[in-house]
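What follows is subunit A paired twice: with subunit B in the first complex and subunit C in the second.
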Partner chain A sequence: MCRLRVYRMLNNEPEKNATLRRSLYSVLGLVLMVLLFWASYANSKFAPKSKDFWEYIATTSIDKWLNNWPKWLDMPLQPWANSGLDWLVINYGIYFDMVNDFILSLVISIKDILTYVPWPLVILGVCLLTWFVSGKKRGTTLLVTLCMFFIGFLSPKFWDKALETTSIMLIAIFICLLVGIPTAIWMSRSARVRNAILPVLDLMQTIPSFCYLIPGIMLFGLGAVPAIIATVIYAMPPLIRLTDLGIRLVDEEIIEAADSFGASSKQKLWAIQIPLAMPNIMQGINQCTMMALAMVVIASMIGTRGLGDEVLLGLQQLNVGRALEAGIAIVLLAIVLDRITQAYGDRIQERTH
Partner chain B sequence: MAIIELNNVYKIFGSQPNQVLELVRGGMGKEEVLDRTGHTVGLNNVSIAMEEGKTSVVMGLSGSGKSTLIRHVNRLIDPTAGEILVDGTNVMGLDEDQLMAFRRHKMSMVFQRFGLFPHKTVVQNVAFGLEVQGVSLPERTAKAIENIEIVGLKGFEEQYPTQLSGGMQQRVGLARALTTNPDILLMDEAFSALDPLIRSGMQGQLIELQKTLHKTILFITHDLDEALRLGDQIAILNHGELVQNGTAEEIILNPADDYVADFVKDINKSKVIRAQTIMEQASGYVGDVAVESLPKVDVDQVVNDLLPIMLESHSPLAVTDTSGDIVGVVTNKGVTATLWQ
Partner chain C sequence: MKIKKLMSAAVITAAASLASTAHADCGTVQMGDFDWNSAKLHSAIAGYILENGYDCNVEVTTGSTLPIMTGLYNGDLDVVMEVWYDNIVDQFKPYEDKGVVKRIGVNTPDSGQGFYVDGPTARKHGITSVDDMLKPEIAMLFQDPENDSKGRMTSCISGWSCYTINLVKHHSYGLDQFYTNYDPGSSGALDAAIKGAFQKQQPIFTYYWEPTALMGMVDLVKLEEPAYEQGTWDAMMVVVNDIKANGVEQLVKVDATAYRDMELPVGINTRLEREEPAVADFMSHYTISSADLSKLLVHYLDPDQADGEAELTARHFLTTSSDWESWVPADVAQKVKDSL
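Up next is the complex of A and B:
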């Protein structure tokens, strides 16, 4: 309650406190830089032995400094990350194992269900799903059904593998939705949260997947789980961005109208903002799905079975045909998932605009 | 009794409104403030009181601050300085929950571009005010249907707003505002986006509704004809400042400055000025004719209605009030003196 009051006070008189806040941040930033320099100096094997700083400056030629980045100006992130990871594995390894087992059991149960059902029924199920989700569109349903059929037609052993890939992806997408949509809703409400999370999203999208795959393997072992984690990290940002955008793009006048009738934030969110943001949210889910499929091959490199496996084997054996077949199967799977999510999004858009 | 009071309200848009406020209080004009500080003066020391049960119109051109003003009443915008009282309550003193309750029960708003929810049907839109209050679905649907009928949209309950024309959409907006049965109706240029015929029809409908409902209406417009037709009291804003506040006749007959005079110069005065304003003292006889034998007209009849009677009877008219007593006479001189100054 008190915190809320302080927050409101800070926001009601932004002028007075803006300069205070800015100087506070600058001071903190400065302190952080000094700490880092000190850490790099202390850690460095190349730190000058001389205790006297000025003597060191006098004796070293500036030339040497300027031609190469000084070796002692090296932020010790490497040793920190390694020791941090070791600490995690040693002390909390058991919890990671539990998470691993849990998620793996989910993946296996879904895969078992899908492969247990006879394949014509699966194709029929997908056909019916598309039919109703797209609002009874014949073209889309035909396309999706054909694609689904061709996955098996390309090579019979692809069927089970495709279902395995699908089950992994479904878990990954579910986690993305579970974490991503609340995050996006939070971001849309507060500019501060948004500014804090956006750089994190940038990081998630640009950092090479192996940088977080390796720690993932160290914590969870080889298999589906690190792949799912990698997929979530890669596929969640577009979902978050599009959901946040969708909510923010709802017409200001409509929000004003909702406010003028005394709607609470919760009522506004569920009755007005999310329904009107649905086309963007569905687009976000669609993009999330596509990015997740893009991770399939990478996932196979760390022991996940599925279609990616086939591509990898094809590459390793220089069996172009095999890799091509598997690649096309992945594309077909992508089309199936894309069309279903896209069709649902289009239908919502028709209704609301 | 004043149900809405704005006392010395200032609104300045920008990053440092409080600092600029001192400049404005010192007498700096809107343009100078914009040049020097980049801040926009929305409202400059506006004080208005609005009577309960009456239609108060706030009028002005674009940028005069009228939309800003109306949004202060339900606190969609917070003032930089000044007091806003609604039914005695200081709107700025309300906390979040109280403000929500205020907006739910005391007032409703109708918007220029309708503000309807495109994903909800007409009946869902109209019932929204009650939905927010937590009223059950059957009850609020029944009330919504009642109000849909009042505005003349029976049969369109299950349509979506995009399927309706502009006039129909605004009627949905009006029904939505009426459904919560608020004391105060805030109408922000509600008819400005409609074509002239529909606009005239909606104005007429509003006047009719007022006869039975007697709500306090705060109506914003830039159209002088609309203001004169609807407003019991008219306030004119210019660049955020209140220039004149009075009845239609006062504004036409005694414009406060050149700005107002310019505004009203092309108005057909005969449609606004009433018998009461131009009548002279009755003293039993006018010339050699007894006042009682003159054709009788009502105090509230406009000159436009009196003229045909005068021209036909070639005589002055006796003006009677609601109880039938003669309170004055209207003569040729009275008419020409007032209308053609």
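Up next is the complex of A and C:
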């Protein structure tokens, strides 16, 4: 009996009160739908003049309903979102300004350090960093150094802009890692948490960026902070999904062996699950970096300076060459950031195997 | 007596039918629409009159400046309701000289551009002209979060020519010592930044233009600049074009003036004049003042009124105003009124 319960717990099977919980959720869902219908009818300008809803149903012909979606069956999300945002901006505007100032100061300090150092030293610094992080691999170091050099070689303007973009991307990727990996670890432990978070990840990846960028501008102001938020929202889901997958894919038998040796769940996580999930986690970080750099142009559309500016300018002036050059510089920057992180990941994996 | 009445009735009927056939053979009018609000409204109003007054079949194509204007030049489109002529003069003029396209009628007689400061701050500190902005304590009111020592002026996006013009103006008026000429990245971002500042009740110093909905919604005060003068403006534009071609190192100090109050014409492909002279005649009389248009734009965007429906705004305009009746012959006006 005890073993059955342990088995159920380990495999996240539902407990006995499942049916009661499910019927409670269905009732709540039904009540919510009825409330939404009532709200849409009450708020709609197109609601028929007659006060009695049932009279309207009785007198309207069925094909009029079927041919066009009834204009009053319109969930009033638009006015709710607008008034919600207004309320937020008017009442809590100062707190958002404080967050804005803080993150902006981080971005500016990193950017100032990078642009203050003369460019040969920056390239040398990246070269040395790659050399030691990758464990003295010549191929990777040469690739990264060349890519770094070509960013400036493509066009001298790009050097400072690339450093601006780097400072913003570094902070965005850091936030992704800080929030994403713990979330993924939490998701991997519980099926219920996973089912709750997966739709949120879907939303983060598909919702058009300007839907949350325009409110972001109204709350935080133009500049780096809405761009960082947009990048985090777009780049975090692949990291979370792959980390979660990596941890879940660790062989059941190894987990059972660890349990039989009396490992606590913290020991299991750090000594077994994460090291074995490393290839997937590194892929997640790679995807996160790539998607973060894909957001660079969108960032420039809300006033962030950087390589995205050049792409945008090329677009607006129909200068294909300029846009292409800037695009290639963004790719080179992505390769530099990615190879360094991958080299570090490979080294960690080599140590543990 | 009876025969006379019958004869006169017959004559009148014949005359009336002749008059109506003059408008009845309108075919399809291809209209080009842009992705900004004032153009959408013009297309909606003109389209409504064409469909209900002239019985034309109106097909609207929406797009950005470059593709729509190209459509006008190569004959895919017949009419574009709002041409910002000064901004595209280099491409428009060659086709105009060849007789392919024509500016016909003045759509908006007074469109303004300039530097604006939000009303409360302007009144509190007595700011009326750009010279009043040249003080450090005023500059700190508009402090740039990314550059603590300067204020920020949200300017045009770097793809618009006004960005370079503003750069030259800043240098000319001495504003560049105190303010950054900040590129907001996209027009949506510019609008959001201005609206956000008003909601948070923060000072804002920005470039903007009329006729726009934002002008109707927020309290912005235009700053006085040296009056427009053709010669000075042309000399300034030489420097502007030099910077656009050769980079920002070409920035030199040159006298600047306020932006000219531009007239925005209606642009047609001359084929429309030949094939549908009645429509072309209507287009040449079409005109709405900037103030009226800004009020219409507020109505257009207000969730409690038109809520983004261009056709509802067009109907509102046609029912509440009688200015439009002077654009069209009396029978067309009657047909439009009957359809409302």
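In this section, the second predicted complex is superposed on the first by the 326 of 353 C-alpha atoms of A that agree within 3 Å, B and C clash if a C-alpha of one lies under 4 Å from a C-alpha of the other, contacts with A are read in each partner's own complex, and residues count from 1 in each chain.
Keep in mind that, in the parts below, contacts are C-beta pairs under 8 Å (C-beta built on N, C-alpha and C of every residue); 3 or more make two chains touch, one makes a residue touch a chain.
Bear in mind the structure is a predicted one, so any value in this text is a computation, not a measurement.
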item: Which superposed partner A:198 touches (first subunit B, second subunit C, both, neither); value: neither
item: Comparing the two partners subunit B and subunit C, which touches a greater set of residues in subunit A; value: C
item: Which of subunit B and subunit C A:254 touches, first, second, both or neither; value: first
item: Touching partner for A:245 - first (subunit B), second (subunit C), both, neither; value: neither
item: Subunit B versus subunit C as contact partner of A:185, first or second or both or neither; value: neither
item: Partner chain(s) touched by A:39 [first = subunit B, second = subunit C, both, neither]; value: neither
item: Subunit B versus subunit C as contact partner of A:78, first or second or both or neither; value: second
item: Footprint of subunit B on subunit A - complex, ascending; value: 13-15, 253-254, 256-264, 267, 271-272, 275-276, 351-353
item: Contact footprint of subunit C on subunit A as seen in their complex; value: 45, 78-79, 82, 86, 89-90, 93, 97, 100-101, 104, 108, 210, 213-214, 217-219, 221-224, 300-304, 309, 312-313, 315-318
item: Touching residues (chain side subunit C, partner subunit A) in the complex; value: 66, 145-146, 154, 157-160, 182-186, 188-189, 192-193, 195-196, 199-200, 303, 307
item: Complex interface listing, subunit B residues touching subunit A; value: 15-16, 18-19, 74, 76, 99-105, 107-109, 111, 113, 115-119, 128-129, 131-133, 160, 162, 176, 180, 186
